[in-house]
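Alright, structures below, take your time with them.
Each of the two complexes below includes chain A, the first together with chain B, the second together with chain C.
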Partner chain A sequence: MTELPPSDAVPHLDEVRDRGDRGARGRDGDRLRRTTAYLGKRLLGAAVSLVAVIFTSFFLFRIIPGDPVRVMTHGRPVTIEQKEALAREFGLDRPLLEQFVSYLLGVLRFDFGESFQYNRPVLSMVGERLGPTMLLVGASLAISIALGLWLGVQGAWKHGGTADRVNTGVALTLWSVPSFWLGLILIVVFASGLGWFPTSGMKTPGVTGFDAVLDVAHHMVLPLVTLVAVVYAQYLLVMRSSLLDEMGSDYLTTARAKGLRDTEVKRRHAVPNALLPATTLVFINVGFVLFGAVLVETVFSWPGLGKLFYEGLSVPDLPLVQGLFVIFSAAVILMNLVSDLIYPLIDPRVRP
Partner chain B sequence: MFHTNHRGRGLRTMLAGLLITLLACATTLFAGTGAHAETKDEKTLTIAVSQEVDSLSPFLAVRRLTTALGRLSYDFLTNYDPKTGKTIPALAESWTTSPDGLTWTYKIRDTKWTDGTPITAEDARWTFDTMMKDEAAATANGNFVENFESVSAPDPRTLEVKLKAPQATMLALDVPILPKHKWEKAGDFAKFNNDKEFPIVGSGPWVISAYEVNQSITLTPNKDFWRGAPKFDKLVFRYIDDSDAQVEALKAGEVDFVSGLTPAQAKALDSAKDITVNKAKGKRFQAITLNPGARLQDGTTFGDGNKALQDPVVREALVRTIDREAIYKTAYGGFGEANGGYIPSRYKDYHWQPEGDAVIGFDTAKAGQMLDAAGYAKGSDGIRAKGGLKLSFRFNVHADNPQYIQAAEMMREWAKEAGIELKVEPVSEVGALLDAGTYDILTTGWSVNPDPDYILGINRCSGLPAKAGGPYLSDAYYCNPEYDKLYAAQLAELDPPKRAEIVKQMQEKLYEDNIFVVWGYADQLEAFRSDVIASMTPQPDPGGNYDSQDGYWSWWSAKPVGDEDKAAADSGGTSSGLVLGGGAVVLAALAAGFVLLRRRGGSAADDRE
Partner chain C sequence: MKTATATRRQLTWARRRRAVAKFWGDYRQNRAGLFGLAVLAVFVLSALLVPWIVGEDALSVTRPAGEPLQPPSGEFWLGTDRSGRSVLDLILWGSRVSLTVGFAATLISIAVGSLIGILAGHFHGWLSGLLLRVTDWFLVMPTLVLAVALAAVLGRSLSTIVIAIGVTSWPTTARLVRAQTLAVEARPYIERARALGGGHWHVMTRHVLPNVMPIVLAQTTLMVAGAILTESTVAFLGLGDPTVPSWGSTIQAARDTGAVSSGLWWYILPPGIAIALVALAFTLCGRAIEGVLNPRLRNR
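Here is the complex of A and B:
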């Protein structure tokens, strides 16, 4: 999931020279024009990606082998007439082009149709699961980022030390552990073994009021620990390596020479400069939040979007997977766009 | 050089605090409000399920879970006796047939819907009539009314069905009868999921009283159920997707019943405290089908199946390389019955199995001799061939079924001894290969209902596709006019013993043709908490299963363990004390983690400076 910053993040010579000319009146209009161009380029890029996703989504899931009618009626005593009626209801008996056009018109109205399996609008199903996924994956993202970045800074600043070696080792070990396996181990030890936490689900049926809040928190501990454990390493490593790159820089020596305390040098000079790659990573992963964590959601029976996508694929429940694919992709595109737009704000070198 | 940075620490603490607050706020938002918290002495039976609700409308529901919910909450006209397997009265108290077998008259029981409205024959008439006239209402159970000419309710206690042709399955109409007064206002049946108004008005032993999407379905007893009220106070179906997680939840006492265990899970649970493992005779057969040449009803062939399989000698030789006993002993861990009969042995009346000389048993040497005699000679690679037809077959196996894969690997070894090559290829979508006819051997399996009509019907010639790409019922491109004649005869035979005799002849035909090759019946493995459930009725009784029964026997009859034992191992509800404790643990863990990590970083810094 690590990705390099956009290629044009590397400052061009004339841009650097520009900064020397800052304040010159003639350049102001030029700047505005270039800012607009930068914005326009990014927006256009996002729009093109989105259109591509919308088109791909329709055809991608039709390439997957599988006949929804057959899968859904498998093992049931159905007649040929029932099968034909289902195909008609799903619109699968119409020519592909006609299906595509009605899909496109639907997407434009933000209507992804009705799920084959559940006879319900895709959007309302997504709405139901959005909360649990954002809660779980969002919380795990926040904790992993905080934990990973902080450990990364500590590690790089005292690199080679015991703490660094142990932290990096532990993080890498956990990173390479399959999440569903770790989840099961946690269930075996802390849920069915010690009985500290529930084995699965998001809440106990019938619990209300403030108890329900604690109940959800109680259910969330193990999936959260699993998710954090397997992903925080990437933040740690990115932060650690980019801070290490900065460590030898002259400006740090200058800062120290000014008599700044070590922690000040770290916090005010080194870390801000080293934060940039981590920022990109964070935004990319925020985009992926919606996709949830299919395996962890499944192991812990967390009623989220990742699981819904998996269920849709096994049929294939075309409206459901198409809708989810578009929504997931749109989130990633949007967050990439936001990251592109924010980048110049935190790094003067890429300002247009 | 080590200085405490107050600002930095403050920031971090703030961040931690913020996180925890956010967490708490978010949980409040999504917690929602459910039913009333459970009281201590309420006896709940919690069942782990991995399927989701497709629809709570019996017109639409096709999944195992939701059809079972339909069974529990709506009475059918008839039911099956768990001991004998024979049809017994349910909503219909009694029935008569006209001499020509075309008119069936049912006397409807004088009982009430759960909202107090009397149940009448008009409800049953409306249910069947709607399925006949409305395509959407026929989605799930339209097959049952296919042969109906008309339905009428001459008086509130009499339901009359006129058929187009006699059919023997009129006492196996597994259709939930719906309350007309509620349903006629439903509107478009294709869109009506019956999940807005709770409790759902029904007539079965249990009432669906709450449903939380993807989390749980709660049922309460129908105190006035004519056969007697269920003994538990609550029946909860709880979603746990992962099979291993289900087992852990059973051990933790969060659920009281799990089904669909693997042989390994069943063995591990066998020694667990307070847990009883049930090995039930399976209602499902496992089989392979050999491609006899995929074709349409008009005879047009398609696909690329190896033509050698169109030779009955090759098929028989191949079947002789299968050691069914070994498959159930090894791949199924001893939990299953090797048997070549199409209808599982638990259905005593209809089951048939080969005896004496009729057995096409495991004998690789004989397979070799048969092939030798038929002119299939071994090539330099040890694989037999005749006239360019090489006995090398693709064997496509369901990739998600480890038992199938293991059995296929075993079959590959045996076939090799007879000079036949099986190329085992696990695939995620076996059906697509069947559609296109692009296979040689496929794994398959069907769950068989108490009435065998449908499962026999799929092998008729009319089960072949009528047009390319069109829907079809066949699972093997089997077509044998003699079999079709027997099928028609059994459907028209209203005398059960005579009908069973014809059904057995049909199975004999299938067995001899070696196209649909049954291995046997894996046990249905289930486990339950013996400290919660004192007893319940299996189907068949004894030796049968509790989950997905053809009837409501298990959950209706389940008796809770007495109060004094129950207190120690209360299942289901988490008390608020425990919840509070859990919440505190979360906060403590988060805080402790933070402090610990902070300290670790700090001490490392100390060492270095």
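Here is the complex of A and C:
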């Protein structure tokens, strides 16, 4: 992501420690052992979390509702025979433990059962909808990170200035705005009002070739703006406060004393160190961004996982919502794991 | 003996008054914090007084005050909704719902979070380990997805939303409180209290709790903002109580009516602005309090 600061800027604490209480011999073997232990601990932690999520999802969607069939058919005219048939179909007539074991085995094979409203396997529906969500979430993350970190650096470096105050104020305000409402307002103004962008969907039927790419991009502008607007503030605030923390550090005075220009001090010394907390946030924030995608996709009828989640919620289609819940949680756990594994690479101080 | 206790109480109160005065003096330096406080005062006041200003019959769908979907006029400053009710009245009543949900959910979350945080920080060994595991378990879950799923499963009512938000948002508080508890318990006066025979209960309630409260206060204000946003989101997703006019359900009703395609701006704009204003006000207050407690953060 970025070059590490010169080694004189950040003392390698572990090296200092190593030199202190261990001879040079056996250090490599020791480090390998510690790295393996660190890796193992993190992987195990992620696996435990994943199991916890699977347990929670069973509890949440099978046990809390009491009678899932009654919940799912709520407000619809169904006969008792239909209800019994449904209960058999979802295996609800079997003992709870047996249901749990078959659910667990299913999840391990990525089999989340069949959707109640579409009568199709949840997994194949997820497969169809994965692409659009990845596109939207990926693009908005990339823009939010770039924008938030850049504005955060500018703000902290000239903190208290007009630009800083305006940027922080705008970011806090946009963070407070409900994303779905912002999306609706953007549609009112730019889509149905000015007619610059389409109001919903992802593609215009019948457009092919390179035009199709432009068409998708055209459809994506408003959803992207909405998602970026509510997400970038956190990156800005974290980058800003973490750079402010670094600003008083002695090594920056040293760097200035060496005769480096201000931009050099900022780019090569201060920013790389301040980036560390922001990097973790990028990964930890994925849950928040995913939920933002649920709302934005719902508002703009973007054919992704978020809209699918909304479709499932409104029935409620328990197998579908359950499957998506597990998938969203797994994504968050995976991102946390990645953050744990990357952090020692970029910050020598926490190296195992 | 009697005079001695009276003086002690007087001393305590004098100390507390001084602390509050100092806190207010520091807080006043933060202009954004004062703005947030003023906005909150307006909203809380209107939420409290709305039954006397507007009256409950303003919410009646069967006997509405005006024609449906009228643009703003002298009689209806913000126009009317799909059944002819004044949008301004809906917003005023909505402030009651949103603030109640925000405070109630935060209360649950803060109470659970503080309890678990203090216990996990005070005790060592298996209890602390278990509590930490449970906290981490909840921390990795996508909170909002969990809250929405819970609301979908539990059925539609305001208390469902309160529980869903409260149950899913306590782990951050627990983490924060535990860290503060560990820091407080490392101080020598805790050792003194123990040496003088203070038990677990005494140490936790008399020494740790008062020192944890300020951080909890800052966390509370920040959390109310999040809870109000979550409430509006859940209502917008159609999982709220349809009979209660919260800001989120007003936005959802506006969307269902076709406010987006036919440009009924007076229907859809006010509830969103209200949510954003209140959430922003709470956030600004929370940041101001954090600044008072931790001067290092003050130039954020």
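Following the convention adopted for this analysis, the second predicted complex is superposed on the first by the 303 of 352 C-alpha atoms of A that agree within 3 Å, B and C clash if a C-alpha of one lies under 4 Å from a C-alpha of the other, contacts with A are read in each partner's own complex, and residues count from 1 in each chain.
Everything that follows uses one rule, which is that a contact is a pair of C-beta atoms (placed from the backbone, for glycine too) under 8 Å apart; a residue touches a chain by one contact, two chains touch by 3 or more.
Remember, it's a predicted structure, so these values are computed and weren't measured experimentally.
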Q. Should the superposition on chain A be reported as showing a clash between chain B and chain C, or a fit?
A. clash
Q: In the overlay, answer first, second, both or neither for which of chain B and chain C A:T56 touches.
A: second
Q.
Looking at A:V332 after the superposition, I want to know if it touches chain B, chain C, both of them or none. Which is it: first, second, both, neither?
A. second
Q. When the two structures are overlaid on chain A, which partner does A:N119 contact: first (chain B), second (chain C), both, or neither?
A. first
Q: Would you check which partner chain A:A47 touches, where first means chain B only, second means chain C only, and both and neither mean what they say?
A: neither
**Q.** Partner chain in contact with A:L184 - chain B first, chain C second, else both or neither
**A.** both
Q: Name the chain, either chain B or chain C, that contacts more residues of chain A.
A: B
**Q.** Partner chain(s) touched by A:A142 [first = chain B, second = chain C, both, neither]
**A.** first
Q. Which partner does A:T199 reach: the first (chain B), the second (chain C), both, or neither?
A. both
(Q) One more residue to check, A:T298. First (chain B), second (chain C), both or neither? (A) both
Q. Counting only touches as set out at the top, which of chain B and chain C does A:Q154 meet: first, second, both, neither?
A. first
Q: With chain C in view, single out which of the stretches 27-35, 99-107, 243-251 or 495-503 of chain B clashes with it after superposition.
A: 243-251
Q: Touching chain B in one complex and chain C in the other: list those residues of chain A.
A: 64-65, 71, 180, 184, 187-188, 192, 199, 298
Q: Give every residue of chain C touching chain A within the complex, in rising order.
A: 32, 136-137, 140-146, 148-150, 152-154, 225, 229, 232-233, 236-239, 248, 251, 255, 259-261, 263, 265, 268-269, 271-272, 275-277, 279-280, 283-284, 296-297, 299-300
Q. If you look only at chain B, which of its residues touch chain A in the complex?
A. 1-3, 5, 8, 12, 15, 19, 22-24, 26-38, 52-55, 60, 62, 135-136, 138-140, 142-143, 146, 190-191, 193, 210, 212-216, 218, 236, 238-242, 244-245, 248-249, 251-252, 254, 428-429, 431-432, 435, 446-447, 449, 454-455, 466, 471-473, 572-574, 576, 579-580, 582-583, 585-586, 589, 597, 600-601, 603-605, 607-608
**Q.** Footprint of chain C on chain A - complex, ascending
**A.** 49, 52-53, 56, 60-61, 64-65, 71, 159-160, 169, 172-173, 175-178, 180-182, 184-185, 187-188, 192-193, 199, 237, 240-241, 244-245, 287-288, 290-291, 294-295, 298, 309-310, 313-314, 316, 318, 321, 325, 328-329, 332-333, 336
Q. Which part of chain A faces chain B closely enough to touch in the complex?
A. 64-67, 69-89, 117-120, 128-129, 131-132, 134-135, 138-139, 142-143, 146-147, 150-151, 154, 158, 161-164, 167, 180, 184, 187-188, 191-192, 195-218, 220-221, 261-264, 267, 298-301, 303, 307, 311
